[in-house]
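Listed after this line are the structures, all set down as structure tokens.
You will see two complexes here that share subunit A, one where it goes with subunit B and one where it goes with subunit C.
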Partner chain A sequence: MTAIFKREFLSFFRNPVGYVVIALFSFISGVYFVNMLMNISVDISLEIISLRSFFIIIVPIVTMGLFSEDRKKGTEVLYYTNPITMFDVVAGKFLAAMSLIFVMFINVFIHMIVTKAFGGVVGAGDFGAAIVFFFLAALFVAIGCFASALTDSQIISALLCFLFILVIQMLSTFASFLNSSVSSVLILMNVDSEKANAFGSGLADVISWLDPFVKTQRFRFGVFGVAPLFFCLSMAVFFLYLTFRMLEKKRWSQR
Partner chain B sequence: MKSIKENNNNTKNKRAMDLKLLSISSVIILLVIVIAANILFDKLLGGPLTFDFSATHKNSISKKTEEFIDTIPDGTSIRIVGLFDLPASLEHDPLEYIAPLLEAYDNYAGDKIKVEYINPSKYPSIIKELDPSGSYDLKSGYYVVKNGEKIAIVDPYDCFSYDSSYDYAVPTAVLAEYTFSNTINNLLSEKVKHAYFVSGLQEDPGYEMKSILTALGCESKSINVSGDFTIPDDCDILFLNGINADIPESVMLKLDEYIAKGGKVIVSVNYYSNTSEKYENLNKSLAKVNLYIEDCLIEENDPSYVLSADYYESYVDITDEFKGFTDKDQLHSGFPRSIRVCDAPLDYVSTYPVLTTSDKAKAVNVEGGFLQYMNEGKYNIGMYATYDDGNANPEVFVFGTNNLTADSYISGYGYSDQNVLFIRGCVRRMLSIAPEESLDIPSYPVDSHAIDKDRATSTSITVTALIFIAIIPLALIICATVVYNRRKHL
Partner chain C sequence: MIEINNLVKHYGTKKAVNDISFTVNDGEVLGFLGPNGAGKTTTMNIITGYLSSTSGTVKVNGHDILEEPELAKKDIGYLPEQPPLYNDMTVIEFLNFMCDLKKVRKADRKPMLSEIMDMVKISSVSDRLIGNLSKGYKQRVGIAQALIGDPKILILDEPTVGLDPGQVIEIRKLVKSLSKNHSIVISSHILSEIQAVCDRVVILNHGKVAAIDTIPDLSRRLSGTSKFLLTVRGDGDDIVSKIKMLTSIQDVSIRRSEGEYYEIEILVSNSAKTDPREAIFFALAKAGYPMLEFRSLDPTLEEIFLSITG
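This part shows the complex of A and B:
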């Protein structure tokens, strides 16, 4: 696994992708940070929360080539023929992508130091937001790995990952839309309005339960819960297992 | 040969099918395990494994509230109903300070306190359910606290203290726990007291004072001096809070009557807000309890008492009689008037100094010249008066400074300030409220992310902007270009 991790991590810096992604992240986080500095009020947790919205761009770029490139070049056969397990391959690539995210995040740590130097406050909420950032990153990188394992085209892989993350980011909006539309339809069908609203709310609650952003929002206020982190981690494990199964399928495929 | 091939194909197909089945079933099983584990984790360990690491512990209830909840009898069922949908995201919402705290109430109190969010536009029956008689005007956007038939309404915006020196509301401190714990306490208590604030005298709005009174189990209302002014029979305490105009004669007569019947009055004035006001009618009423508000400003000249360069913001000593109200011996006073015994004192009235200056204070008039009859010496900034005869004794506190009751002071210094503790003590004494009957839960400041303006100069911000927005990203893009050029032919 170490060899895979090393190879993948260094490969980010052997082509422009790693540098471009870090440059993009530095620029976006820098804009947020400087904007707050100009207002003489720096809330690092707010910066981190805002940066989470850019997972939708950054994660597909980072993960698009993880498996699809090997498949396109035919180098995936090396994983099947070398004395390593598929688990090593998946875990190595996943950890490499996470390490790149960590390298990107160094920017925010520097912002924290600068904030302290300017006499600002860096508190539990900021560290909570940082922890959540990594757990969400783990979930989205796992989704990216799965998207990359589905196809041999980097573009399609990036698009699939983009779509998956978009759906997750829209879960709350979708839940509230579903709530109002289902309730309205039921009311039109002469169902008692309170019962219709209760059904709509129940449905919305089920969908919102799946939203990792809602689950983790209170970290920013200094509320540290293990359950939301467990959710992100377990979902990441699930998507990594899906990736693992995809590779296994190809390994034993007749064609 | 053909049959062997077919046999091989069949074996391969069977193996492929088995693998497919294994693959799909393992994914489904894992998904079920993940979802079930998360549901269980949420239900069983979600609460215990949640920690409040915020600097002010704003998301959890204090020891004092825990002790109070413990005293609530078993079988009591208090409902806190938010008449709105709890937003999915609490970012930039006052509920950020309220919703997690109420969850902490719910978690700690078990069946005693239940917190719900029900939007009346979706569930209109909730209004009828909470208020069957329709005596309260329940509306969306508020919290309703219900114990049996008794109801209290809490506006989320009342859970904050505001800086009143701006044209718009700037929250300075969070009072969410203070508000909810005291609301519940009041609902559980048998008798609610009534405080009335006289309005129409260019007075201080008294929002903070009303909030303090709520915590003491007092409902606050206002009575305007215009029209038919009457002091209601249920008035337990009357406030003339930071008034800048004298009371009309009709009010003076009613006030005389109220005092004669054994009423409790707190008067606060200062010199800064209205230098020309002599409070002639008010002084006539106060003369019934031997008190008199001077038309002069007290200048403190003892350096150990002075708080600001202009000598008018200073410490004042609490007299021995009233020292038990706070932990400290001194309070803050600002632009005070002096309070003295009136010229023709009545023999059945006892007066006591409450707050005094140092021996080096001086009284000055509006032109800045020294008053002839008041030179250097000790002045009273607050006085207390009562009757000696023992029946229907009125009690009157008169303060020559607004620093004990004004919104601008309380919002700036918070509910744990000595001045606030002192005025609470005065109210407790007048209304005979034992300290354990009210919950003195401290407020805490609203999160501030301000940076030091002296360090964050325009130059340093420009340099920082240049580094983070231009130099670092550009350096990385140059690296990317170099790497691309070197490796494009490989």
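This part shows the complex of A and C:
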């Protein structure tokens, strides 16, 4: 696993991907931080929350080549024919991508230090937001791994990952839309309005239950919980398992 | 030692590999011969664990490739048709990565790598990016990669494809020198290449084993249909009739003519007991036709299959 991890992590810096991602993240986080400094009200947790909306661009760039490049270049043979397991391969690549995310997140730690050094407040909520950031990143990187294992084209895998993350980011919007539209359709169909509303909001609850952003929103106020983190982690493991199955399937394919 | 039993691989309705069984003994060089699409690469991919078979078993030194993959794969070095190389790494970085994958101990690395790089002659390019190397060097890095971890078995899929003649000879020499302490499986669709390095040949056709033979046995089987080509200056029809009169000549035909120069193909009958070449020489010398070229024609793969299956 360390062999794969080392190679993948270093390969981010053998081609532009690593530098592009780090530069992009530094720039965006810098803009937020400077903006807050100019208004003399620094809230690091707010900065982190805002940065999360850039997962949709950054994660696909990081993960798009993880598996698709190997398949395209024929280097995946190395993983199947050497004394390592597919688990090593998936875990190594996932951890390499997470490490890149960590490296780019160092920016935010620097902002925390700067804030603290100049008499600002860095509290539990800020660290809560940082923790959530990493657990969400793990979930999205796992999705990116899966998208990359689906195809041998980097572009398509990036697009797929983008779409997956887009859907997750819009879950809440989607839920409230469903809530109102389903209940009004049911009322039109002569369903008792109380029941129709209950059904609509029930449906919305089911969908927003899946929303990792909603689940983890209290962390930034310093209210921590294990359940939301466990949710993100188990979703990540689920997608990594799917990735693993995709790689195994390739080998057993009979078409 | 590799034992392959009743290997079958389906691709849709097509059977790419259809019930293949054979054994690769210790210290032997086994040639895989067959036309494109015969199932050579598929079989090799199954032996190395890259693909799974539909049915049948592969055992490497007693370890089943599916049941105990890590033990089995430890003994195998594989060079696929397209060498699996990372273009963004330098040669030495890549070989170190391969040491990581094959779990070579840190202390053994340096001497092993310098030995391998000397053997395949890539020491001079060790600091260059693989992406910038020529095809021949990439192939050699591919072979070096297969040698890491000192596997007892080497599986080389068409190692000389796309190389220039000088490089082909060098790779053959390398395979010969490796054969002293490795079992080697090498595939090709060129007969002469297999003849040059192998002890035994497995001939595949349409996913089936058409023949398993040692090289001398194979040539004996093939010698039944020897063919000669000669270039003579003179009167074409007369030359043909002169040769036809000799014993044990089955057929004579003019392949090509250019003015007074004739290229003549001679098919010697299967039952010939004596070598007809001397007789041909004297007959033409007596008639005063100067012979400019005289050589035996290597049987083509198709002819081999015809002689083996037919």
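Note that in this section the second predicted complex is superposed on the first by the 254 of 255 C-alpha atoms of A that agree within 3 Å, B and C clash if a C-alpha of one lies under 4 Å from a C-alpha of the other, contacts with A are read in each partner's own complex, and residues count from 1 in each chain.
Simple rule for what comes next: a contact is a pair of C-beta atoms (placed from the backbone, for glycine too) under 8 Å apart; a residue touches a chain by one contact, two chains touch by 3 or more.
Nothing here was measured: the structure is a model prediction, and the numbers come from that model.
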Contacts of A:G74 with subunit B and subunit C, given as first, second, both or neither: second
Contacts of A:N82 with subunit B and subunit C, given as first, second, both or neither: second
Which superposed partner A:A227 touches (first subunit B, second subunit C, both, neither): first
Partner chain(s) touched by A:R14 [first = subunit B, second = subunit C, both, neither]: both
Touched partner set for A:T2, first subunit B, second subunit C, both or neither: second
First, second, both or neither for A:V237, with subunit B first and subunit C second: first
First, second, both or neither for A:G128, with subunit B first and subunit C second: first
Which partner reaches more residues of subunit A (counting touched residues only), subunit B or subunit C: B
Partner chain in contact with A:S99 - subunit B first, subunit C second, else both or neither: neither
Doubly contacted subunit A residues - partners subunit C and subunit B: 14-15, 252, 254
Interface residues, subunit A side, partner subunit B - complex: 13-16, 19-20, 22-24, 26-27, 29-31, 33-34, 36-38, 40-43, 46, 49, 107, 111, 114-115, 117-121, 123-125, 128, 172, 175-176, 183, 193-194, 197-198, 201, 208, 211, 213-214, 217-218, 220-227, 230-231, 234-235, 237-238, 241-242, 245, 248-249, 252, 254
Residues of subunit B touching subunit A in the complex: 12, 16, 19, 23, 26-27, 30-31, 34, 37-38, 41-42, 45-46, 49-55, 58-59, 88-91, 96, 100, 122-125, 447-456, 460-461, 464-465, 468-469, 472-474, 476-477, 479-481, 483-484, 487
Of subunit C, residues touching subunit A in the complex: 9-12, 48-52, 54, 69-71, 73-74, 76, 78, 80, 82, 84-89, 97-98, 100-103
Of all residues in subunit A, those that touch subunit C in their complex: 2-4, 6-7, 11, 14-15, 73-78, 80-85, 251-252, 254-255
